[in-house]
Amino acid sequence: MSISLQQARQAIELARIKATEIAVPVNIAVLDTGGHLKALERMDGAPIGSLDIAIGKAKTSMLFGINSELVGEYMKPEAGAYGIIGTNGGLVGFAGGLPIRKDKAIIGFIGVSGGAVPQDFAIASEGAQL
Amino acid sequence: MSISLQQARQAIELARIKATEIAVPVNIAVLDTGGHLKALERMDGAPIGSLDIAIGKAKTSMLFGINSELVGEYMKPEAGAYGIIGTNGGLVGFAGGLPIRKDKAIIGFIGVSGGAVPQDFAIASEGAQL
Amino acid sequence: MSISLQQARQAIELARIKATEIAVPVNIAVLDTGGHLKALERMDGAPIGSLDIAIGKAKTSMLFGINSELVGEYMKPEAGAYGIIGTNGGLVGFAGGLPIRKDKAIIGFIGVSGGAVPQDFAIASEGAQL
Amino acid sequence: MSISLQQARQAIELARIKATEIAVPVNIAVLDTGGHLKALERMDGAPIGSLDIAIGKAKTSMLFGINSELVGEYMKPEAGAYGIIGTNGGLVGFAGGLPIRKDKAIIGFIGVSGGAVPQDFAIASEGAQL
(Lines give C-alpha, C1' and ligand atoms only; values in the text may rest on other atoms or scores of the structure.)
Protein backbone atom coordinates (compact mmCIF):
# COMPACT_ATOMS: atom_id res chain seq x y z
CA MET A 1 0.00 0.00 0.00
CA SER A 2 1.40 3.33 -1.00
CA ILE A 3 1.78 6.35 1.23
CA SER A 4 -1.27 8.45 2.09
CA LEU A 5 -1.18 12.23 2.08
CA GLN A 6 -1.56 12.19 5.83
CA GLN A 7 1.50 9.97 6.15
CA ALA A 8 3.48 12.10 3.70
CA ARG A 9 2.64 15.20 5.71
CA GLN A 10 3.65 13.41 8.88
CA ALA A 11 7.01 12.43 7.35
CA ILE A 12 7.61 16.03 6.28
CA GLU A 13 6.54 17.31 9.69
CA LEU A 14 8.98 15.01 11.50
CA ALA A 15 11.79 16.02 9.16
CA ARG A 16 10.96 19.71 9.46
CA ILE A 17 10.99 19.57 13.27
CA LYS A 18 14.51 18.14 13.13
CA ALA A 19 15.62 20.72 10.55
CA THR A 20 14.26 23.54 12.69
CA GLU A 21 15.92 22.08 15.78
CA ILE A 22 19.36 22.09 14.13
CA ALA A 23 18.56 25.34 12.29
CA VAL A 24 19.12 24.04 8.77
CA PRO A 25 16.50 25.10 6.19
CA VAL A 26 16.02 22.28 3.70
CA ASN A 27 13.87 21.00 0.90
CA ILE A 28 11.84 17.91 1.73
CA ALA A 29 10.29 15.67 -0.91
CA VAL A 30 8.12 12.61 -0.40
CA LEU A 31 7.45 10.12 -3.20
CA ASP A 32 5.06 7.19 -3.35
CA THR A 33 6.33 3.68 -4.10
CA GLY A 34 5.97 4.38 -7.82
CA GLY A 35 8.37 7.33 -7.53
CA HIS A 36 5.80 10.05 -8.03
CA LEU A 37 5.75 13.16 -5.85
CA LYS A 38 3.19 12.95 -3.06
CA ALA A 39 4.16 16.08 -1.11
CA LEU A 40 6.96 18.60 -1.04
CA GLU A 41 8.02 21.59 1.04
CA ARG A 42 10.80 24.13 0.57
CA MET A 43 11.57 25.72 3.92
CA ASP A 44 12.21 29.46 3.97
CA GLY A 45 15.88 30.03 3.29
CA ALA A 46 16.54 26.65 1.70
CA PRO A 47 18.52 26.90 -1.55
CA ILE A 48 16.28 26.71 -4.62
CA GLY A 49 18.73 24.39 -6.35
CA SER A 50 18.52 21.87 -3.54
CA LEU A 51 14.90 21.16 -4.36
CA ASP A 52 15.82 19.18 -7.44
CA ILE A 53 18.51 17.41 -5.41
CA ALA A 54 16.01 16.44 -2.71
CA ILE A 55 13.69 14.98 -5.33
CA GLY A 56 16.66 13.26 -7.01
CA LYS A 57 17.78 11.60 -3.79
CA ALA A 58 14.30 10.25 -3.09
CA LYS A 59 13.94 9.12 -6.70
CA THR A 60 17.31 7.36 -6.63
CA SER A 61 16.33 5.58 -3.43
CA MET A 62 13.06 4.47 -5.01
CA LEU A 63 14.69 3.24 -8.19
CA PHE A 64 16.91 0.78 -6.34
CA GLY A 65 15.00 0.32 -3.10
CA ILE A 66 17.96 1.35 -0.95
CA ASN A 67 19.42 4.54 0.52
CA SER A 68 20.67 7.04 -2.05
CA GLU A 69 24.25 6.92 -0.72
CA LEU A 70 24.35 3.18 -1.28
CA VAL A 71 23.45 3.74 -4.91
CA GLY A 72 26.24 6.29 -4.87
CA GLU A 73 28.75 3.53 -4.28
CA TYR A 74 28.21 2.52 -7.89
CA MET A 75 28.79 6.09 -9.07
CA LYS A 76 32.33 6.33 -7.77
CA PRO A 77 34.77 6.44 -10.66
CA GLU A 78 36.57 3.37 -9.33
CA ALA A 79 33.37 1.35 -9.32
CA GLY A 80 33.60 1.12 -13.07
CA ALA A 81 29.86 1.37 -13.62
CA TYR A 82 30.37 3.78 -16.47
CA GLY A 83 27.32 5.79 -17.33
CA ILE A 84 25.12 4.60 -14.50
CA ILE A 85 25.01 8.16 -13.13
CA GLY A 86 23.20 9.41 -16.22
CA THR A 87 20.58 6.70 -16.35
CA ASN A 88 16.98 7.20 -15.29
CA GLY A 89 17.24 10.88 -16.17
CA GLY A 90 20.15 11.36 -13.75
CA LEU A 91 20.78 9.69 -10.42
CA VAL A 92 21.75 11.48 -7.20
CA GLY A 93 24.00 9.27 -5.10
CA PHE A 94 24.69 10.87 -1.75
CA ALA A 95 22.98 10.70 1.61
CA GLY A 96 19.53 12.12 2.22
CA GLY A 97 17.28 9.80 0.21
CA LEU A 98 15.79 6.76 1.86
CA PRO A 99 12.73 4.54 2.12
CA ILE A 100 9.90 5.52 4.46
CA ARG A 101 8.86 2.54 6.50
CA LYS A 102 5.76 1.82 8.53
CA ASP A 103 5.60 -1.44 10.44
CA LYS A 104 8.76 -2.45 8.51
CA ALA A 105 7.03 -2.15 5.12
CA ILE A 106 8.24 0.43 2.62
CA ILE A 107 5.37 2.84 1.93
CA GLY A 108 7.26 5.64 0.17
CA PHE A 109 10.55 7.52 -0.11
CA ILE A 110 11.87 10.75 1.37
CA GLY A 111 14.59 13.05 0.04
CA VAL A 112 16.18 15.98 1.88
CA SER A 113 18.68 18.57 0.65
CA GLY A 114 19.88 22.00 1.72
CA GLY A 115 22.31 21.37 4.54
CA ALA A 116 25.59 19.50 4.89
CA VAL A 117 25.24 15.86 3.82
CA PRO A 118 25.17 14.43 7.36
CA GLN A 119 22.55 17.01 8.30
CA ASP A 120 20.40 16.12 5.30
CA PHE A 121 20.70 12.47 6.28
CA ALA A 122 19.77 13.13 9.90
CA ILE A 123 16.74 15.17 8.87
CA ALA A 124 15.57 12.62 6.30
CA SER A 125 16.00 9.80 8.79
CA GLU A 126 13.54 11.45 11.16
CA GLY A 127 10.89 11.38 8.48
CA ALA A 128 11.65 7.83 7.37
CA GLN A 129 10.08 6.02 10.31
CA LEU A 130 6.36 6.50 10.78
CA MET B 1 8.34 39.66 -1.27
CA SER B 2 7.93 36.06 -2.26
CA ILE B 3 5.69 33.53 -0.58
CA SER B 4 6.69 31.99 2.76
CA LEU B 5 6.24 28.30 3.52
CA GLN B 6 3.55 29.22 6.02
CA GLN B 7 1.65 31.11 3.34
CA ALA B 8 2.11 28.29 0.84
CA ARG B 9 0.75 25.78 3.32
CA GLN B 10 -2.17 28.10 4.03
CA ALA B 11 -2.96 28.34 0.30
CA ILE B 12 -2.85 24.55 -0.01
CA GLU B 13 -4.99 24.13 3.10
CA LEU B 14 -7.66 26.48 1.77
CA ALA B 15 -7.68 24.68 -1.57
CA ARG B 16 -7.79 21.26 0.05
CA ILE B 17 -10.74 22.18 2.25
CA LYS B 18 -12.67 23.15 -0.88
CA ALA B 19 -11.59 19.98 -2.70
CA THR B 20 -12.70 17.86 0.22
CA GLU B 21 -15.99 19.72 0.44
CA ILE B 22 -16.84 18.96 -3.18
CA ALA B 23 -15.22 15.52 -2.93
CA VAL B 24 -12.70 15.99 -5.74
CA PRO B 25 -9.18 14.72 -5.03
CA VAL B 26 -6.66 16.99 -6.74
CA ASN B 27 -2.99 17.90 -6.98
CA ILE B 28 -2.11 21.31 -5.58
CA ALA B 29 1.14 23.10 -6.42
CA VAL B 30 2.40 26.42 -5.10
CA LEU B 31 5.23 28.31 -6.79
CA ASP B 32 7.14 31.38 -5.67
CA THR B 33 7.20 34.49 -7.87
CA GLY B 34 10.23 33.13 -9.72
CA GLY B 35 8.30 30.00 -10.70
CA HIS B 36 10.06 27.60 -8.35
CA LEU B 37 8.07 25.02 -6.35
CA LYS B 38 7.48 26.06 -2.76
CA ALA B 39 5.05 23.34 -1.68
CA LEU B 40 2.99 20.60 -3.27
CA GLU B 41 0.43 18.03 -2.23
CA ARG B 42 -1.21 15.17 -4.09
CA MET B 43 -4.44 14.23 -2.40
CA ASP B 44 -5.26 10.54 -2.06
CA GLY B 45 -7.04 9.42 -5.21
CA ALA B 46 -5.85 12.31 -7.39
CA PRO B 47 -4.55 11.14 -10.77
CA ILE B 48 -0.76 10.95 -10.89
CA GLY B 49 -0.68 12.57 -14.31
CA SER B 50 -2.51 15.61 -13.04
CA LEU B 51 0.44 16.54 -10.87
CA ASP B 52 2.46 17.74 -13.83
CA ILE B 53 -0.62 19.54 -15.10
CA ALA B 54 -1.06 21.34 -11.77
CA ILE B 55 2.55 22.48 -11.85
CA GLY B 56 2.18 23.45 -15.51
CA LYS B 57 -0.86 25.58 -14.84
CA ALA B 58 0.88 27.44 -12.03
CA LYS B 59 4.01 27.86 -14.16
CA THR B 60 1.99 29.19 -17.09
CA SER B 61 0.28 31.70 -14.82
CA MET B 62 3.66 32.79 -13.49
CA LEU B 63 5.21 33.18 -16.93
CA PHE B 64 2.57 35.65 -18.07
CA GLY B 65 1.31 37.01 -14.78
CA ILE B 66 -2.30 36.09 -15.53
CA ASN B 67 -4.65 33.11 -15.09
CA SER B 68 -3.66 30.02 -17.05
CA GLU B 69 -6.93 29.97 -19.01
CA LEU B 70 -6.25 33.49 -20.25
CA VAL B 71 -2.92 32.32 -21.62
CA GLY B 72 -4.90 29.50 -23.19
CA GLU B 73 -6.78 32.00 -25.32
CA TYR B 74 -3.59 32.38 -27.33
CA MET B 75 -3.32 28.62 -27.80
CA LYS B 76 -6.59 28.23 -29.64
CA PRO B 77 -5.94 27.36 -33.30
CA GLU B 78 -7.94 30.37 -34.43
CA ALA B 79 -5.77 32.73 -32.38
CA GLY B 80 -3.02 32.13 -34.88
CA ALA B 81 -0.20 32.08 -32.34
CA TYR B 82 1.17 28.91 -33.86
CA GLY B 83 3.68 27.16 -31.66
CA ILE B 84 3.16 29.26 -28.53
CA ILE B 85 1.92 26.10 -26.77
CA GLY B 86 5.36 24.52 -27.02
CA THR B 87 7.35 27.47 -25.73
CA ASN B 88 8.82 27.65 -22.25
CA GLY B 89 9.07 23.87 -22.12
CA GLY B 90 5.35 23.52 -22.77
CA LEU B 91 2.50 25.74 -21.57
CA VAL B 92 -0.74 24.54 -19.97
CA GLY B 93 -3.60 26.83 -20.95
CA PHE B 94 -6.77 25.87 -19.16
CA ALA B 95 -8.28 26.95 -15.87
CA GLY B 96 -6.69 26.13 -12.52
CA GLY B 97 -3.52 28.21 -12.48
CA LEU B 98 -3.60 31.70 -10.99
CA PRO B 99 -1.67 34.25 -8.96
CA ILE B 100 -1.82 34.10 -5.16
CA ARG B 101 -2.49 37.54 -3.77
CA LYS B 102 -2.06 38.98 -0.33
CA ASP B 103 -3.11 42.59 0.23
CA LYS B 104 -3.45 42.81 -3.57
CA ALA B 105 0.23 42.00 -4.19
CA ILE B 106 1.16 38.82 -6.07
CA ILE B 107 3.25 36.66 -3.74
CA GLY B 108 3.18 33.37 -5.65
CA PHE B 109 1.15 31.13 -7.94
CA ILE B 110 -1.15 28.15 -7.38
CA GLY B 111 -2.01 25.34 -9.77
CA VAL B 112 -4.71 22.71 -9.28
CA SER B 113 -5.55 19.68 -11.40
CA GLY B 114 -7.42 16.43 -10.96
CA GLY B 115 -11.09 17.33 -11.30
CA ALA B 116 -13.22 18.83 -14.01
CA VAL B 117 -11.84 22.16 -15.18
CA PRO B 118 -14.42 24.33 -13.36
CA GLN B 119 -13.76 22.30 -10.20
CA ASP B 120 -10.01 22.79 -10.51
CA PHE B 121 -10.62 26.49 -10.94
CA ALA B 122 -12.95 26.72 -7.94
CA ILE B 123 -10.44 24.87 -5.76
CA ALA B 124 -7.47 26.93 -6.92
CA SER B 125 -9.40 30.15 -6.40
CA GLU B 126 -9.89 29.30 -2.73
CA GLY B 127 -6.13 29.16 -2.27
CA ALA B 128 -5.42 32.26 -4.28
CA GLN B 129 -6.54 34.84 -1.76
CA LEU B 130 -4.63 34.89 1.54
CA MET C 1 29.17 38.63 -42.56
CA SER C 2 27.31 38.10 -39.33
CA ILE C 3 25.99 40.79 -37.04
CA SER C 4 28.36 42.67 -34.74
CA LEU C 5 27.51 43.41 -31.14
CA GLN C 6 27.28 47.08 -32.04
CA GLN C 7 24.74 46.31 -34.74
CA ALA C 8 22.77 44.01 -32.41
CA ARG C 9 22.62 46.72 -29.79
CA GLN C 10 21.50 49.20 -32.44
CA ALA C 11 18.71 46.85 -33.54
CA ILE C 12 17.58 46.45 -29.93
CA GLU C 13 17.79 50.19 -29.36
CA LEU C 14 15.62 50.95 -32.37
CA ALA C 15 13.08 48.36 -31.28
CA ARG C 16 13.08 49.57 -27.69
CA ILE C 17 12.48 53.18 -28.75
CA LYS C 18 9.38 52.04 -30.65
CA ALA C 19 8.23 49.87 -27.73
CA THR C 20 8.61 52.77 -25.34
CA GLU C 21 6.80 55.11 -27.72
CA ILE C 22 3.75 52.84 -27.87
CA ALA C 23 4.16 51.91 -24.20
CA VAL C 24 4.44 48.14 -24.68
CA PRO C 25 7.17 46.44 -22.63
CA VAL C 26 8.60 43.57 -24.66
CA ASN C 27 11.42 41.05 -24.86
CA ILE C 28 13.84 41.63 -27.72
CA ALA C 29 16.22 38.96 -28.97
CA VAL C 30 18.86 39.25 -31.68
CA LEU C 31 20.45 36.18 -33.28
CA ASP C 32 23.37 35.92 -35.67
CA THR C 33 22.98 34.22 -39.05
CA GLY C 34 23.76 30.86 -37.42
CA GLY C 35 20.82 31.28 -35.06
CA HIS C 36 22.84 31.87 -31.92
CA LEU C 37 21.91 34.62 -29.47
CA LYS C 38 23.96 37.76 -29.92
CA ALA C 39 22.09 40.08 -27.54
CA LEU C 40 18.85 40.11 -25.60
CA GLU C 41 16.91 42.50 -23.42
CA ARG C 42 13.81 42.02 -21.31
CA MET C 43 12.20 45.40 -20.71
CA ASP C 44 10.79 46.09 -17.25
CA GLY C 45 7.25 44.81 -17.12
CA ALA C 46 7.56 42.45 -20.09
CA PRO C 47 6.11 38.97 -19.38
CA ILE C 48 8.82 36.45 -18.47
CA GLY C 49 7.20 33.82 -20.67
CA SER C 50 7.45 36.05 -23.72
CA LEU C 51 11.22 35.84 -23.63
CA ASP C 52 11.23 32.29 -24.94
CA ILE C 53 8.65 33.33 -27.54
CA ALA C 54 10.84 36.22 -28.71
CA ILE C 55 13.79 33.89 -29.12
CA GLY C 56 11.54 31.31 -30.83
CA LYS C 57 10.27 33.83 -33.36
CA ALA C 58 13.80 34.93 -34.27
CA LYS C 59 14.95 31.31 -34.43
CA THR C 60 12.04 30.34 -36.67
CA SER C 61 12.82 33.23 -38.99
CA MET C 62 16.45 32.16 -39.15
CA LEU C 63 15.65 28.52 -39.82
CA PHE C 64 13.70 29.32 -42.98
CA GLY C 65 15.12 32.73 -43.90
CA ILE C 66 11.72 34.39 -43.89
CA ASN C 67 9.42 36.18 -41.43
CA SER C 68 8.12 33.97 -38.62
CA GLU C 69 4.48 34.50 -39.63
CA LEU C 70 5.23 33.17 -43.09
CA VAL C 71 6.57 29.99 -41.56
CA GLY C 72 3.34 29.97 -39.55
CA GLU C 73 1.38 29.46 -42.75
CA TYR C 74 2.69 25.90 -42.76
CA MET C 75 1.59 25.39 -39.16
CA LYS C 76 -2.09 25.97 -39.80
CA PRO C 77 -4.02 22.73 -39.38
CA GLU C 78 -5.36 23.02 -42.92
CA ALA C 79 -1.83 23.25 -44.36
CA GLY C 80 -1.43 19.56 -43.70
CA ALA C 81 2.24 19.83 -42.73
CA TYR C 82 1.69 17.51 -39.81
CA GLY C 83 4.39 17.71 -37.19
CA ILE C 84 6.31 20.65 -38.66
CA ILE C 85 5.47 22.71 -35.58
CA GLY C 86 7.47 20.37 -33.35
CA THR C 87 10.56 20.22 -35.50
CA ASN C 88 13.77 22.08 -34.69
CA GLY C 89 12.93 21.95 -31.00
CA GLY C 90 9.63 23.75 -31.60
CA LEU C 91 8.82 26.48 -34.10
CA VAL C 92 7.01 29.74 -33.31
CA GLY C 93 4.94 30.85 -36.27
CA PHE C 94 3.41 34.23 -35.66
CA ALA C 95 4.56 37.77 -36.36
CA GLY C 96 7.51 39.35 -34.60
CA GLY C 97 10.48 37.41 -35.97
CA LEU C 98 12.26 38.66 -39.05
CA PRO C 99 15.61 39.07 -40.75
CA ILE C 100 17.78 42.08 -39.92
CA ARG C 101 19.06 43.64 -43.09
CA LYS C 102 21.87 46.05 -43.77
CA ASP C 103 22.37 47.24 -47.34
CA LYS C 104 19.86 44.55 -48.32
CA ALA C 105 21.99 41.69 -46.98
CA ILE C 106 20.70 39.61 -44.08
CA ILE C 107 23.09 40.01 -41.14
CA GLY C 108 20.99 38.51 -38.35
CA PHE C 109 17.49 37.98 -37.00
CA ILE C 110 15.31 39.81 -34.49
CA GLY C 111 12.44 38.46 -32.40
CA VAL C 112 10.02 40.49 -30.29
CA SER C 113 7.28 39.34 -27.91
CA GLY C 114 5.26 40.82 -25.09
CA GLY C 115 2.58 42.91 -26.75
CA ALA C 116 -0.25 42.18 -29.15
CA VAL C 117 0.99 40.49 -32.31
CA PRO C 118 0.76 43.60 -34.54
CA GLN C 119 2.63 45.56 -31.85
CA ASP C 120 5.36 42.94 -31.64
CA PHE C 121 5.66 43.07 -35.42
CA ALA C 122 5.84 46.86 -35.51
CA ILE C 123 8.51 46.90 -32.82
CA ALA C 124 10.58 44.15 -34.45
CA SER C 125 10.34 45.85 -37.83
CA GLU C 126 11.99 48.97 -36.40
CA GLY C 127 15.01 46.91 -35.42
CA ALA C 128 15.15 44.99 -38.66
CA GLN C 129 16.55 47.73 -40.85
CA LEU C 130 20.00 49.06 -39.91
CA MET D 1 13.33 43.98 -5.62
CA SER D 2 14.63 42.32 -8.75
CA ILE D 3 17.03 43.88 -11.22
CA SER D 4 15.84 46.56 -13.65
CA LEU D 5 16.89 46.61 -17.29
CA GLN D 6 18.89 49.73 -16.59
CA GLN D 7 20.79 47.94 -13.82
CA ALA D 8 21.32 44.86 -16.00
CA ARG D 9 22.73 47.00 -18.77
CA GLN D 10 24.98 48.74 -16.26
CA ALA D 11 26.29 45.38 -15.02
CA ILE D 12 26.99 44.28 -18.59
CA GLU D 13 28.63 47.62 -19.40
CA LEU D 14 30.96 47.36 -16.40
CA ALA D 15 31.88 43.79 -17.32
CA ARG D 16 32.40 44.64 -20.97
CA ILE D 17 34.71 47.53 -20.13
CA LYS D 18 36.89 45.14 -18.16
CA ALA D 19 36.78 42.52 -20.92
CA THR D 20 37.81 45.11 -23.49
CA GLU D 21 40.59 46.36 -21.24
CA ILE D 22 42.15 42.90 -20.96
CA ALA D 23 41.23 42.10 -24.56
CA VAL D 24 39.15 39.00 -23.84
CA PRO D 25 35.88 38.73 -25.78
CA VAL D 26 33.26 37.05 -23.60
CA ASN D 27 29.58 36.26 -23.27
CA ILE D 28 27.82 38.13 -20.47
CA ALA D 29 24.45 37.04 -19.08
CA VAL D 30 22.36 38.74 -16.42
CA LEU D 31 19.50 36.95 -14.65
CA ASP D 32 16.87 38.27 -12.28
CA THR D 33 16.55 36.80 -8.80
CA GLY D 34 14.19 34.12 -10.13
CA GLY D 35 16.83 32.93 -12.59
CA HIS D 36 15.24 34.33 -15.72
CA LEU D 37 17.35 36.12 -18.35
CA LYS D 38 17.13 39.90 -18.12
CA ALA D 39 19.87 40.85 -20.60
CA LEU D 40 22.66 39.17 -22.51
CA GLU D 41 25.49 40.17 -24.81
CA ARG D 42 27.94 38.11 -26.85
CA MET D 43 30.99 40.20 -27.63
CA ASP D 44 32.49 39.92 -31.12
CA GLY D 45 34.93 37.03 -31.15
CA ALA D 46 33.54 35.30 -28.06
CA PRO D 47 33.07 31.55 -28.57
CA ILE D 48 29.45 30.65 -29.34
CA GLY D 49 29.59 27.68 -26.98
CA SER D 50 30.55 29.90 -24.08
CA LEU D 51 27.18 31.57 -24.18
CA ASP D 52 25.44 28.58 -22.65
CA ILE D 53 28.26 28.36 -20.12
CA ALA D 54 27.80 32.01 -19.13
CA ILE D 55 24.08 31.44 -18.60
CA GLY D 56 24.82 28.20 -16.73
CA LYS D 57 27.24 29.90 -14.36
CA ALA D 58 24.74 32.62 -13.52
CA LYS D 59 21.98 30.05 -13.12
CA THR D 60 24.11 27.91 -10.83
CA SER D 61 24.89 30.95 -8.69
CA MET D 62 21.19 31.76 -8.48
CA LEU D 63 20.17 28.24 -7.55
CA PHE D 64 22.39 28.19 -4.48
CA GLY D 65 22.81 31.90 -3.76
CA ILE D 66 26.61 31.69 -3.90
CA ASN D 67 29.41 31.98 -6.47
CA SER D 68 29.40 29.26 -9.12
CA GLU D 69 32.89 28.04 -8.19
CA LEU D 70 31.71 27.42 -4.62
CA VAL D 71 28.95 25.21 -5.94
CA GLY D 72 31.70 23.53 -7.96
CA GLU D 73 33.35 22.37 -4.75
CA TYR D 74 30.51 19.89 -4.41
CA MET D 75 31.09 18.63 -7.94
CA LYS D 76 34.64 17.43 -7.34
CA PRO D 77 34.73 13.62 -7.41
CA GLU D 78 36.26 13.58 -3.93
CA ALA D 79 33.35 15.58 -2.52
CA GLY D 80 31.22 12.50 -2.94
CA ALA D 81 28.11 14.36 -4.03
CA TYR D 82 27.62 11.96 -6.93
CA GLY D 83 25.23 13.20 -9.54
CA ILE D 84 24.80 16.74 -8.20
CA ILE D 85 26.33 18.03 -11.43
CA GLY D 86 23.39 16.75 -13.44
CA THR D 87 20.66 18.20 -11.25
CA ASN D 88 18.63 21.28 -12.15
CA GLY D 89 19.14 20.56 -15.83
CA GLY D 90 22.93 20.63 -15.41
CA LEU D 91 25.03 22.81 -13.13
CA VAL D 92 28.15 24.76 -14.15
CA GLY D 93 30.61 24.87 -11.26
CA PHE D 94 33.57 27.02 -12.11
CA ALA D 95 34.29 30.69 -11.61
CA GLY D 96 32.39 33.42 -13.44
CA GLY D 97 28.91 33.25 -11.98
CA LEU D 98 28.03 35.39 -8.99
CA PRO D 99 25.34 37.48 -7.34
CA ILE D 100 24.91 41.13 -8.37
CA ARG D 101 24.62 43.29 -5.30
CA LYS D 102 23.36 46.80 -4.80
CA ASP D 103 23.55 48.27 -1.30
CA LYS D 104 24.46 44.74 -0.13
CA ALA D 105 21.17 43.25 -1.33
CA ILE D 106 21.21 40.62 -4.09
CA ILE D 107 19.25 42.00 -7.06
CA GLY D 108 20.30 39.50 -9.73
CA PHE D 109 23.06 37.25 -11.03
CA ILE D 110 25.80 37.64 -13.63
CA GLY D 111 27.58 34.94 -15.62
CA VAL D 112 30.64 35.41 -17.82
CA SER D 113 32.39 32.92 -20.10
CA GLY D 114 34.80 33.05 -23.01
CA GLY D 115 38.22 33.65 -21.49
CA ALA D 116 40.41 31.77 -19.04
CA VAL D 117 38.58 31.08 -15.82
CA PRO D 118 40.35 33.79 -13.76
CA GLN D 119 39.62 36.26 -16.56
CA ASP D 120 35.95 35.30 -16.61
CA PHE D 121 35.85 35.78 -12.86
CA ALA D 122 37.57 39.18 -12.99
CA ILE D 123 35.19 40.37 -15.68
CA ALA D 124 32.08 39.09 -13.91
CA SER D 125 33.22 40.65 -10.64
CA GLU D 126 33.26 44.09 -12.26
CA GLY D 127 29.60 43.73 -13.11
CA ALA D 128 28.60 42.29 -9.76
CA GLN D 129 28.76 45.48 -7.75
CA LEU D 130 26.39 48.26 -8.78
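Read from first to last, the chains carry the letters A, B, C and D; within each, the first residue is number 1.
Just so it is clear, a residue touches a chain if its C-beta (ideal position, glycine included) is under 8 Å from a C-beta of that chain, and two chains touch if they have at least 3 such contacts.
Which chain is which protein? Per UniProt: A, B, C, D = Heme-binding protein.
Worth saying up front: this structure is predicted, and the values here are computed from it rather than measured.
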{"item": "Touching both chain A (Heme-binding protein) and chain D (Heme-binding protein) (chains)", "value": "B"}
{"item": "Rotation, 0 to 180 degrees and nearest 5, that superposes chain B (Heme-binding protein) on copy chain C (Heme-binding protein) via CA atoms", "value": "90"}
{"item": "Chain B (Heme-binding protein) and chain C (Heme-binding protein): spacing of chain centres that average the CA atoms, whole Å", "value": "30"}
{"item": "Centre-of-Cα separation between chain D (Heme-binding protein) and chain B (Heme-binding protein), whole angstrom", "value": "31"}
{"item": "Centre-to-centre distance between chain C (Heme-binding protein) and chain A (Heme-binding protein) (centres being mean Cα positions), rounded to whole Å", "value": "43"}
{"item": "Interchain centroid distance [CA atoms averaged], chain A (Heme-binding protein)/chain B (Heme-binding protein), Å", "value": "25"}
{"item": "Per-residue multi-chain contacts in chain D (Heme-binding protein), two or more chains", "value": "34-36"}
{"item": "Pairs of chains satisfying the touch condition", "value": "A-B, A-D, B-C, B-D, C-D"}
{"item": "Residue ranges of chain D (Heme-binding protein) touching chain B (Heme-binding protein) (in the complex, touch as defined)", "value": "32-36"}
{"item": "Residues of chain D (Heme-binding protein) that touch chain A (Heme-binding protein) when the two form their complex", "value": "35, 60, 62-65, 71, 77, 80-84, 86-88, 91"}
{"item": "Residues of chain A (Heme-binding protein) touching chain B (Heme-binding protein) in the complex", "value": "4-5, 8-9, 34, 36-44, 48, 51"}
{"item": "Touching residues (chain side chain C (Heme-binding protein), partner chain B (Heme-binding protein)) in the complex", "value": "47-50, 52-53, 56, 60, 72, 75-77, 85-86, 90-94, 117"}
